[in-house]
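As structure tokens, the structure follows; a few thoughts come after it.
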Amino acid sequence: MVDIFLTIMGRDLKLAYRRWSEFANPLLFFVIVASLFPLALSPGQALLQSIGTGVLWVAALLSSLLALEGLFRGDFEDGSMEQILLSPAPFGTVVIAKIAAHWIVSGIPLIVLVPVVALSFQLPGEALATLAAALLLATPTLSVLSAIGAALTVSLKSGGSIIGLLILPLCSPMLIFGTRATDMAANGEPVAAPLYLLAALAVFAISLGPLAVAAALRVGLE
Amino acid sequence: MVDIFLTIMGRDLKLAYRRWSEFANPLLFFVIVASLFPLALSPGQALLQSIGTGVLWVAALLSSLLALEGLFRGDFEDGSMEQILLSPAPFGTVVIAKIAAHWIVSGIPLIVLVPVVALSFQLPGEALATLAAALLLATPTLSVLSAIGAALTVSLKSGGSIIGLLILPLCSPMLIFGTRATDMAANGEPVAAPLYLLAALAVFAISLGPLAVAAALRVGLE
Amino acid sequence: MSDENAGLIAADLGVSRGGRLLIDGLSFELEAGDAALVTGPNGSGKTSLLRVLAGLAPPAAGSVKWAATEVRQLAPEARAGIAYRGHLNGLKKDLTVRENLEFHRALNGSEAPIDELLVTLGLRDVAGQRLRFLSAGQRRRAGLAMLKLGEARLWLLDEPLTNLDIAGRRLVAQWIDEHLDAGGMAAIASHQPDQLAGGGTLSIEL
Amino acid sequence: MSDENAGLIAADLGVSRGGRLLIDGLSFELEAGDAALVTGPNGSGKTSLLRVLAGLAPPAAGSVKWAATEVRQLAPEARAGIAYRGHLNGLKKDLTVRENLEFHRALNGSEAPIDELLVTLGLRDVAGQRLRFLSAGQRRRAGLAMLKLGEARLWLLDEPLTNLDIAGRRLVAQWIDEHLDAGGMAAIASHQPDQLAGGGTLSIEL
Amino acid sequence: MKLPRWFHRFGSPPYVYALAGTLGPWIGGIAVVLIAAGTFGGLVLAPPDYLQGDSFRIIYIHVPSAYISMMAYVILAVAAAIGFIWHLKLAHAVAVSIAPIGASFTFLALATGAIWGKPTWGTFWQWTDPRMMFELLLLFLYLGYMALRAAFEDRDKADRVSAILGVVGVVNVPIIHYSVIWWNSLHQGPTISRLDGPTITMDMLAPLLIMIVGFTFCFAWLLLSRLQGEIVEREYAARWLRELVGESR
């Protein structure tokens, strides 16, 4: 199991490295959204500060959704998914490994990057650590949710990338708790509650999500 | 020439119709971004109004960038682009037709949709017509610019979604003029100047852009 | 016959695609050393049949059993007994030939030596190149290499000779013969059955 | 010889791919009724050569002329004289067979009757289906149909027989013969040259 | 369009390689002298600004690098266009060599501007400042150009595709520039006056001009040395290069 996990993850990381420009995209997207907003709003300092958290979280959410859109498509189109499904490797493990690899490539850089951008939004220093922690807890859940969307999309082939977007409402709890934690930290309030909630959602998503993904992929191959 | 234009445009529209969900995606994306922001910001009425224009424009810009990413990729991967390039059809016309089809599918709905969403942002009624007009002038330019990005990266095969990075700086004028026109209209000022600028940029982009696109596609096929 | 050694049993099999029944009431068995040659005109359902045999798609009627178990219900380990090579090669374009093979070896828990295989297939010189930069036939060769990276007893091959040059076709025919001699089984769809040296012990015409 | 009727002239042609020179100093001419059979092992450069002849890629050295003009500099109308069918079919998966053919007919400004063509190719029953739902051989047939949708005098065919059943292969061979008899030209890469009835008047071995 | 005959010599890698080798040290030397003089003038001779104190001295890096960042992009685009139209590999090599240098100067302008902003405006970054936005977008243009190149395996293809981007980008540079400025002139953000005090004195201005010229030479020097490297990489297999290397051994 661990072998398979590492093999799949290693492969996906290698592919990501080979095609770094593709994987850098969501990050860039994040930077761009985050930097365009102030440009379009031309707000004063105070306004910028008050909307900063929200902008950052929405941008981070979108960028992690974008990142996962193609998670399974490549493997479907070149026949790799068939081979993997027919191999003796347990399929659930394969799915978890793929999501994990993708999170490493897209989630972790986000966790590092967001607080840096937050600096330019005049977010107070105390909020930065909380922001990073909240992202660390929220991004795995986002990854699992978008993987579900990606699996549904890919298995419906010609139709239904719409399903992918149906995932979005499911993401709103992460958005709300994440923004709240950051705002509370900025105001010097204790932030344990929203962080615990994020952690609980992450555990829940990671334990059940891959099952849904595997089922959707199986159907898609028929 | 007109024949070829209509043939290509007809084909692309038909394909879009067959795979409508894919093309509805960027629009949905727009609606979601525009509606998530108030959720994440939970601002007061006044704040919402003041950031509304900016949010709308950024969301519209992103959605039209997203829409064009795959404009040429499909034709590349199934060999259609080779056939088109080798056919007696003038390649520049083909390119313009493809961009036009895509604009019909992604730009026009946006022009209709944005003012509707703008209503929910408490944008004053006078600004809505200006917003629609500005979008009408800005979206063709955005389409051409993203087509350039798509053409430059299509030959990467591995999916050069660095598109965002390439095109974004080029799009910022549209964002700036569009926001300005909308804001000015909301304040009751005359909006001719920014609209003229948008129109000038559109003419410029439409007349020269397709050349760049055609050149990039040719190189990509080698 | 113990379950372990049982071969492939298709009983009263129906195969449909896109709502149309293509194959109806097909029954056959493959045991050690057996090969079924699936032939038929374009669009007759060869690919669809092989996908059902592999368990990728459900049969419209009847059943497919491998080692006495419904093929769609096989435990992961038991699946190692079946290798399917379809129209698609199942290789990543952005990995090198060697990396692709190493990945599939690991996936199938095999220890087969890759270097020898690359030499046999004439891919040694391009082993370090990404698949994207290979010719059509070279890609097909790399795809077929995967047959040797695992211990599958049943080979399901969909037009394995596509894009191969003469030497390549001869090699594949030889591999199949060796596989059958060693007690393996195969179901092969092909438009060039004459090029498969031994031919099949069983012929399925659609 | 007037420019109009001049055929294909490759002079001292060099073809390279990914920085490696695959073909060097190749010179040949095709005139009315000539066919060049390009053969060679996998990866020897057949596809690369045909792409250069079609003007899709630049030659590494030498020149390719069609109707006395450098092929990469042909005017759009002159390009109608060349048809290239590669490993890819160049059809849209989400259009039906008929829609695909209609599109290519319009693109090439041809008036060829599509219905007859569909019958000849055995695609009448699937004419209204999206390409996505066709078998590999049916897709290939639809791809080859495009040869008849235009007035190309030079056919560049890259393994046209792939995935085709016997009837299909026979049809393609017959088409080629008719095309040559009518004063056409062809350059064909294939691993099964024996299946192309007439064979070539010229043989290019890589 | 035909290129003038003398120009063709610049299409010959050995000639340009040798030329770069000869000119490089001279230009580098001049750059060092000018920058040293400018630094001395700026840090020691120039009086402190009566409003900003000594912090204004960062101008001696900031303004030259901002200027170079723009000039470099224009040169890049011209080189790329020449390369694309006349299939001149060396012109492409020039464009490629400029990109990272230009990006560095852009970054330098951004960084020094940000550092300067802290004491003057009380913030590192001001989203509403048109120059900052312009410079940031310029950095994106450079990065996009470099990323696009990096994504190609085939150098020839990379050359031509990125050349298209370079040219499209330069068309946009003035548009971005003016749109950003116009936009700000209407949206009055928090009012910031830059160096509004007394008009710059000669003591302050002269070192600045010297620095600008020095930076230009420095840019040329960097360009020549990168170009040499680029030529070596491209002509890896060429006979003249092997002979040259053989000679020097």
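Annotations
The letters A, B, C, D and E name the chains in turn, as written, and every chain counts its residues from 1.
The rule is short, and it goes like this: a contact is a pair of C-beta atoms (placed from the backbone, for glycine too) under 8 Å apart; a residue touches a chain by one contact, two chains touch by 3 or more.
Everything numeric in this text was worked out from a predicted model, so none of it was measured.
Path length between subunit B and subunit D in the chain contact graph, taken as the least number of steps between touching chains: 1. Chain centres here are C-alpha means, and the one lying farthest from subunit B is C. Using mean Cα coordinates as chain centres, the one most removed from subunit E is C.
Looking at contact counts per chain pair, the maximum sits at A-B. One simple way to say how far apart two chains are is to compare their mean CA positions; for subunit C and subunit E this gives 58 Å.
The geometric centre of subunit A is 37 Å away from that of subunit C, both derived from CA atoms. One simple way to say how far apart two chains are is to compare their mean CA positions; for subunit B and subunit C this gives 46 Å. Computed from the mean C-alpha positions, the centre of subunit A lies at a distance of 26 Å from the centre of subunit B. Looking at subunit A, residues 18-19, 21, 24, 39, 42-43, 158 sit in touch with two or more other chains. Shown for subunit C are the residues that touch two or more other chains, namely 87, 93-94, 133.
The multi-chain contact residues of subunit E, meaning those touching 2 or more other chains, are 133, 147, 151, 153, 183, 187. Against subunit D, in their complex, subunit C makes its touches with residues 17-18, 40-43, 46-47, 87, 122, 126, 133-138, 140-141, 159, 162-169, 191-192.
For subunit C in complex with subunit A, the touching residues are 54-58, 76-80, 82-84, 86-95, 99, 103-104, 106-109, 130, 146, 150. Only residues 18-19, 21-22, 24-25, 28-29, 32-33, 36-37, 39-43, 47, 50-51, 53-55, 57-58, 61-62, 70, 158-162, 164-165, 168, 172, 175-176, 179 of subunit A touch subunit B when the two sit together in their complex.
Every residue of subunit B that touches subunit E in the complex is listed here, in rising order: 148, 152-153, 155-156, 158, 160, 162, 165-166, 168-170, 172-173, 176-177, 180, 183-184, 197, 201, 208, 212, 215-216, 219-220, 222. If you check the complex, the residues on subunit A that touch subunit E are 21, 24, 35, 38-39, 42-45, 48, 119-120, 122.
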